[in-house]
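Below are two complexes that have subunit A in common, paired first with subunit B and then with subunit C.
This part shows the complex of A and B:
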């Protein structure tokens, strides 16, 4: 009985995704599906809060419940709740596939929820594929011109290749430690430092998650998929899948603590992600392509936290990714509201936003400032913690480079803000009225971005507990 | 004499690891080099199957009693099949749109 309770958030999402599968073969009703999905995701948030402090080991020790897994489940289900709310107006999906959208959304999220708890390679692989296969179908689901099929097949081939590399690394690790259990593998590997083969295998297993984070050179899918998938699916890929990738890397990379080679390769990945992400973003005219390159750059900042390979670094990474999730959702909240018919927004579509809807423009301003790292927002605190953790371990030049790159990133974030606040439109502006729930979410996200930026202590304490629970 | 040499090779773990590494590299090369979507999907299967060889070989030579590697391989096979099914259906949608399965045909995305 108690065991079932430990698993309750995942069970709720699993049952509801089957419910959507059942409903999809019956009459379609967008309103009903949306209400149901919203209630279920709210229930998942409540259940994750209730199981937050529980500990346990399920399914013969292949599935571990501890603070580390549960805090990530809480963040993921909060993200799911906001994503479902963003899906209230699925105007660029065929009405026939409205229910299927929720089915795949929930099964992808089920995979995400399972991943932080997996303490064993086979379980990890199955959960990873559960989320990936649902994403393969979600990306080409958009109605219309067919570029979605191109992006869909590209994402499938690249993601499956990344999974194959992960499996190859996992098979090598299995050969070395003679078990698929991650905790046993971690203790065996860390005895006497990493052998060259262990170091290669560890890097190969991490590739699937570098891919999800869109770290250079595994980023080629990001701009195409961001551009082609519909706005809500892009939001899913830009938020939940990144959080999960970070959660798994927090399990993997600490195995290589003290290994200079791992630090070197992570430094290289971080430098190239920062360089290519920030420079390529400058030339983009499509808002979602710009966000794709900005997410590549953000992955670079996250990697700097991993380069430190210390508890401060992991704490900073946790703070970074949990605040990045909400800042990104705030941007997508503005995008989905502004793009009523679901089309892709050009940068020029943002012109005059401050007059059409001051609250929405403020949400955009603060979330982009947060992504750029301007005080006193959460993004600034996140970059500050990541940088100090890296400097403490002596990576001064890397941090200096990242700092210069974040000045570069200001350029493209400010371009978008300038469009929204300064540029004059030659066409008459129509006012954009927000409903009460849209106002509520805007204000909630603004408060989050400002308050946790000024008082980061609470999330940082959670990060401390996460760093302690990794081992 | 020759038969004994083969037998000695087939009793060594390294034979299988080298074979798997070769297959994996061929698959990766094919995925990058091929322009036909079906060809790319087949290359992908090659990569996944090289992992299976690795797993089963490690299982046979390192932990012959437990069978974890074999179970892992079965999971890989099953999920690779699911992935191929989804992949083929997207390729079908792609073909309906562009009347081709050449990955460079559409060129609407800049990459």
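This part shows the complex of A and C:
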């Protein structure tokens, strides 16, 4: 098949990001930029659907197109479309940087789109840096006091450190297999079980992606960055960045299949992520800080799927992350609508939401229930699959611990819901009216959360295909 | 089992040792002469005029950044120029134009934002 067509989603995003760079040095027009970005991201969704079943190898084998990469590209471009839609009201960004916001959003997404296809360390590194550097600029872009710069610098330094560790691990792997090709490296490494050096190298290369997933102890940036970045950028970090990290881990960690040591390390990471994420979230008063700690805990559940190191586990992880993306976007849809001026929401700002806008409150209710894992929503099915995959491999105690922790997590999710539904406000409430597209997205997300929770088979089948296409 | 980690340990020692070496070696081997000239500000072999504790114009900073971008561009164009004749077709030319064009957009951006207007 034509090479240009195989690359079409990435090319579209690349060309459009340059277009935004060009536009940003000319007249500013928020409406125009938003419409253009929405059309381009819709185009990327269409192109990734069209290339979904294609196979290919580009640039002398450094870039692989298969079902694994294309399904992640589809999820990422769907996420991008919703994120652009969330950016219709960028009230806490300086008007002068409105177009630059889209430029960096699209170049970050370009990096994300490239990552699942990279089958070589150097390409992987370049794509990783492309996405990270755009994020370094997006985080402190918010208008206002110095705390944004603080979070930006924190993210920059920690991300740079994580990347350095990744490079160290990659250099060790290269030293062992004498190739930068991931597929060849995987076969060479797994011959006759992993050597101790290979475990260490594998773990070190994964650190950059544990960092993106905010797994304890690589989570320190998460609360500050979530709190300081503007709502849309936080949504970007909370969704697309996690999906990509999982995609890369799905390619790295299977190299260590059947090794007790990797399982042990992953178990430790999962336990601490669950413990610290869930317990720290209880104390938060800022909605986005709460979501940051909740994302740390969710990374813990995801790791349980990796602990299984089996095809069921990978399938469950795929189901988990693809549904987590939409549940999180639903929460951020509520947050961006509720915070018209783009400020951070305290938990008390949710009081009376059910009277101000019943549909928005229902979206919040279902998405938080889904994150907490209450049936029949997608979050429940996701946790169920992850837990069964781990139990099948004999990790009963870990699953028991995760189960207890998910009960703990109910507390803070329900606190937010209680504010929205039960608590009485001492000030008069103003009705929030949703426009037709806001209603449409709300209803779409609600249907997704409910329908794919009751009938998880379709996404699970995709997950099966993903598990087969790894490598 | 444990001795299998010896390789890992060796790598750790070597990589840590490299950093320690690189930072301590200068202390050990540098000339210890202390006189008027050692304390002078190094300015590419030139005598510096006046004190160095002066305020620089902020435009220098942006200027340096843009210079860096084009410095890297030149560094990447050298290998392309060397290999140019061994690859037939106009594909390479298109790639070079694209590469320079993308960096040119950065220059265009800086220009439009008034980086070159010194006030």
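The rule is short, and it goes like this: the second predicted complex is superposed on the first by the 470 of 471 C-alpha atoms of A that agree within 3 Å, B and C clash if a C-alpha of one lies under 4 Å from a C-alpha of the other, contacts with A are read in each partner's own complex, and residues count from 1 in each chain.
The working rule: contacts are C-beta pairs under 8 Å (C-beta built on N, C-alpha and C of every residue); 3 or more make two chains touch, one makes a residue touch a chain.
Remember, predicted model here, so these are calculated numbers, not experimental data.
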item	value
First (subunit B), second (subunit C), both or neither touched by A:161	first
Partner chain(s) touched by A:257 [first = subunit B, second = subunit C, both, neither]	neither
First (subunit B), second (subunit C), both or neither touched by A:94	neither
Residue contacts with subunit A in the superposition, subunit B compared against subunit C	B
Partner chain in contact with A:153 - subunit B first, subunit C second, else both or neither	first
Partner chain(s) touched by A:224 [first = subunit B, second = subunit C, both, neither]	first
Partner chain in contact with A:121 - subunit B first, subunit C second, else both or neither	first
First (subunit B), second (subunit C), both or neither touched by A:172	both
First, second, both or neither for A:55, with subunit B first and subunit C second	neither
Set intersection of subunit A contacts, subunit C complex versus subunit B complex	168, 172
Subunit A partner contacts - residues on subunit C that touch it in the complex	4-5, 7-8, 11, 15, 102, 105-106, 108-109, 111-113
Of all residues in subunit B, those that touch subunit A in their complex	17, 20, 24, 27-28, 31, 37, 40-41, 44, 47-48, 50-51, 54-55, 58, 62-63, 68-69, 71-72, 75-76, 79, 82-83, 86-87, 90-91, 93-94, 97-98, 103, 106, 108-111
Subunit A residues touching subunit C - in the complex, by the definition given at the top	18, 21-22, 24-26, 168, 172, 195-197, 200
In the complex with subunit B, residue positions of subunit A that touch it	121-122, 125-126, 129, 132-133, 136-137, 140, 146-147, 149-154, 156-157, 160-161, 164-165, 167-168, 170-172, 174-175, 178-180, 220, 223-224, 227-228
